[in-house]
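A, B, C and D are the chain letters, set down in written order, and residue numbers restart from 1 in every chain.
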Amino acid sequence: MTLLNHKHSTIEAAIASIPHGAVIMVGGFGSPGTPFALLDELLAQGQTGLTLIKNDANEPDIGIGRLIRAGRVDRLLTSHIGLNRIAIEEMNQGRLAVEMYPQGLLAEKIRCAGAGHYGFLTDIGLDTEIAAGRREIECDGRTWAIEPAIRADIALVHADLADAYGNLVYRGTAINFNPLMAMAADRTIAQAFEIRYPGSLIPEAIHTPCAFVSQVVQVDPVTSEQGRRAHAI
Amino acid sequence: MPSDQERILARAAREVVAGQIVNLGIGLPTRLFHYLPEDMEVLIHSENGVLGCQPLASGREADLEMIDSGGAYIGTRPGASVFDSALSFAMIRRSRVDITFMGAFEVDQAGNLANWKIPGKFSPGIGGAMELAQKVDTLVVLCSHNDKHGNPKILRHCRLPLTAPRCVSRIITEKAVMQVTAAGLEVIDIAEGLEVAALRAATEAELIIDESRLGRF
Amino acid sequence: MTLLNHKHSTIEAAIASIPHGAVIMVGGFGSPGTPFALLDELLAQGQTGLTLIKNDANEPDIGIGRLIRAGRVDRLLTSHIGLNRIAIEEMNQGRLAVEMYPQGLLAEKIRCAGAGHYGFLTDIGLDTEIAAGRREIECDGRTWAIEPAIRADIALVHADLADAYGNLVYRGTAINFNPLMAMAADRTIAQAFEIRYPGSLIPEAIHTPCAFVSQVVQVDPVTSEQGRRAHAI
Amino acid sequence: MPSDQERILARAAREVVAGQIVNLGIGLPTRLFHYLPEDMEVLIHSENGVLGCQPLASGREADLEMIDSGGAYIGTRPGASVFDSALSFAMIRRSRVDITFMGAFEVDQAGNLANWKIPGKFSPGIGGAMELAQKVDTLVVLCSHNDKHGNPKILRHCRLPLTAPRCVSRIITEKAVMQVTAAGLEVIDIAEGLEVAALRAATEAELIIDESRLGRF
């Protein structure tokens, strides 16, 4: 239990709670939705031996790209790392263990952990290379693959708006994996551009109810990675 | 002199800690939210898809699309959210609800709970009770100590189909507050004016009672 | 495929597409979110031999209660019918086949069909009466029950707002099963109090994207069941 | 004289029917949305979580939180929605996307597609391609007819790991438009000025060609 009125945190304190060797989900598809400020703080604090779960590897000089480059990441569960040549190089050199999943299965495996189940049964990829290593089962006369859920110790997510209880609203294509990950980790740390008083968000428009959020950290759009990139365009 | 139900609810309200997420089962537990301090920072979860219920202010027109799981019209407090049924039960199965209060037909000294079906008599469906009972860390049963025929409801072993096995933390009746422990059912508080012998007589379960530590309510 | 610009429909035409014997999901938890106008039209048109999937049976004189009372429903998949004594009586007399599921599993089984999978693996109810009849499987040294997805031919849902493409926004506790069912049926018919031009809804606030909606029908809040009940209070 | 890519894209645009939901794969297909009539009522799906993409108006400042699956900044048209990745792929697996356009390393006459991995050389991960290929009813491959060394990409049997088996409906290259049928790969259109013999010479797959019905593009 995280008490409602103890969620607003400094970025230092929030990230300091992450131990070496943690299994960490990181929101974002490319840059949108990536919690750049939280990741930069994680880089600064020096946690190592990390397992990261993220749709992609960002680019070499931003987001989890920086953590990979600094050798902090032992293992990456992902869908596509084509925009990060360093990550591909680290993988090919055997310094970074990479598990690749089809994007929709990765999303669904995370969502399944967030829903509190063991796994799901799917026909995706049955006759392809990814079927190797999956356990299959017959149901109703057809073959299905068992896809176990993927959970994490910590989720780092980026929201557009939060309230002090930890309710989150995402924006645009920055939604992506964030609400799924917020539900699938034991603890969720959210960064948001703005943290409002409870009651300021429309109940129907809240994507992640506060029950799934442990800490919220306010980040400045101008000094965050997104902000820096905005000024560079 | 409070009624039995008022006594149960007033005592139950003391189980809630500020900052918690609280689910209230259909029936008696639903009324608990009238017993919590108005300014207490808790979020009431109702499994039909709302976090942050509060009683509808008297004289306020009901919003027809805002009900709790018992069907009563409700209001919401600042910080409330509404969501679909899959997310609502994800919250339950992920143990994000801190405490739930439920009624019981039977509850036993191992913490087994039966509150959804009386074979041949009553079987309207289990609703959301099974997942709440199985997954919420703290389940407090609120019920009368005996049924309307005077038979004990606090048993050695449940006889009715279970809602979930070994799920109950605490039982609050008009006669006692009992904690389910590894050693058995330990009486924490006993009702004002009730003798220990009378409590034992009204109860089928074995009760562990240390009179020197017994509270009154 | 339902073309974007052919979704706005009369209630008569939308319901006339439902055949006898159809498997129909019906949104709603109690009254909120129940598509009363669509159900009343279904009653008027006379389709019979129906299988309904709804959280509850409404009350005897409203919603699916009317269809059950009129003998149109052969089978009901539900979670709780305690507020409908007629449905309980019909079940006890063997005239209505009722399958009961724990509410969260019912929601998740519908959600699973909407996500395009066969089923999921859960620990809910393992040591209880509902375990009877479920297939179980060992994974990672523990036992899990296989819960197959539940799909339907048609979903009838109630939204607060729609646009002409069929994007839907729900309100309050009227959300409940509606977005899950809208994804789990072959065709989804939505009623809404207001149908706006595309572009009038906030993209982030849309609960059901139009890809999942086949027809939208405007219903008048005042003449709908909700409206009548509002005036009675 | 249009470039090969322009020829492919202009022809591909004619595959899209007003009212459809259309997914555009990374690379060449992403550029297709510049070839659709501006007032055409289609919704472009991008698997990172948006339905209703449109090209960013020139001179318009980019919204940093609005990209397509290829990472390009995009705008949205009226009626657009944004959603999480689980919902986005539910839309794909439930075949609510009507048509998808994808690149290919290899495609064969049975409609098998390989476009994600070259063992030992290129394996960045499959991204969203597998579920799109397996579940979208109409998959149109847009690719050059031959690789940069002149080797055929339209094969009898794919040699690379498959994205999905028997998933391709139609192939559009700068040389031909080919339909995957039960009988084999049937040429619908051939490029202006290209001889049938030259097309066959550039292709490993067996081609079914009825010259009396052949279109030009």
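To be clear about the criterion, a residue touches a chain if its C-beta (ideal position, glycine included) is under 8 Å from a C-beta of that chain, and two chains touch if they have at least 3 such contacts.
Computed from a prediction, not measured in an experiment: that's the story for all the values here.
> Chains in contact with subunit A and with subunit B: which ones?
The common neighbours are C.
> Count the touching C-beta pairs: is B-C or C-D ahead?
Most contacts of the two pairs: B-C.
> Just grab the chain with the largest centre-to-centre distance to subunit A, centres being mean Cα coordinates.
B
> Determine the centre-to-centre distance between subunit B and subunit C, using the mean Cα coordinates as centres, and give it in whole Å.
Taking the mean C-alpha position of each chain, the two centres sit 30 Å apart.
> List the centre-to-centre spacing of subunit C and subunit D in whole Å, with centres computed as mean CA coordinates.
Between these chains, centre-to-centre, one finds 36 Å.
> Once you find the CA centre of subunit B and the CA centre of subunit D, what distance in Å lies between them?
Comparing mean C-alpha positions, subunit D is 57 Å from subunit B.
> State, to the nearest whole Å, the distance from the C-alpha centre of subunit A to the C-alpha centre of subunit C.
Computed value for the inter-centroid distance: 32 Å.
> Send over the residues of subunit C in touch with two or more other chains.
Touching at least two other chains: 108, 115-117, 123, 171-172, 175, 203-204, 207.
> Can you list the residues of subunit D that touch 2 or more other chains?
Only 50, 82-83, 86, 89, 92-93, 135 qualify.
> In graph terms, with chains as vertices and touches as edges, which category applies: line, ring, star, complete, or other?
other
> Pairs of chains that touch, anyone?
A-B, A-C, A-D, B-C, C-D
> Looking at the complex, which residues from subunit C come into contact with subunit A?
Subunit C residues touching subunit A: 108, 112, 115-123, 135, 137, 139-140, 142, 144, 146, 148, 169-172, 175, 202-205, 207.
> Per the contact definition, I'd like the list of subunit D residues that touch subunit C in the complex.
Residues of subunit D touching subunit C: 18-21, 41-43, 45, 50-52, 76-83, 86-87, 89-94, 96-98, 135.
> Where on subunit D does subunit A make contact in their complex?
Touching subunit A from subunit D are residues 46-50, 61-69, 71, 82-86, 88-89, 92-93, 117, 123-131, 134-135, 161-165.
> Please give the residue numbers of subunit C that touch subunit D in the complex, ascending.
Listed in rising order, the residues of subunit C that touch subunit D are 1, 3-6, 114-117, 163-165, 167, 183, 197-199, 201, 203-204, 206, 209-212.
> Within their complex, state which residues of subunit C touch subunit B.
Against subunit B, subunit C makes touches at 29-33, 55, 78-83, 88, 100, 102-105, 107-108, 110-111, 123-125, 127-130, 160, 171-180, 207, 226, 229-230, 233.
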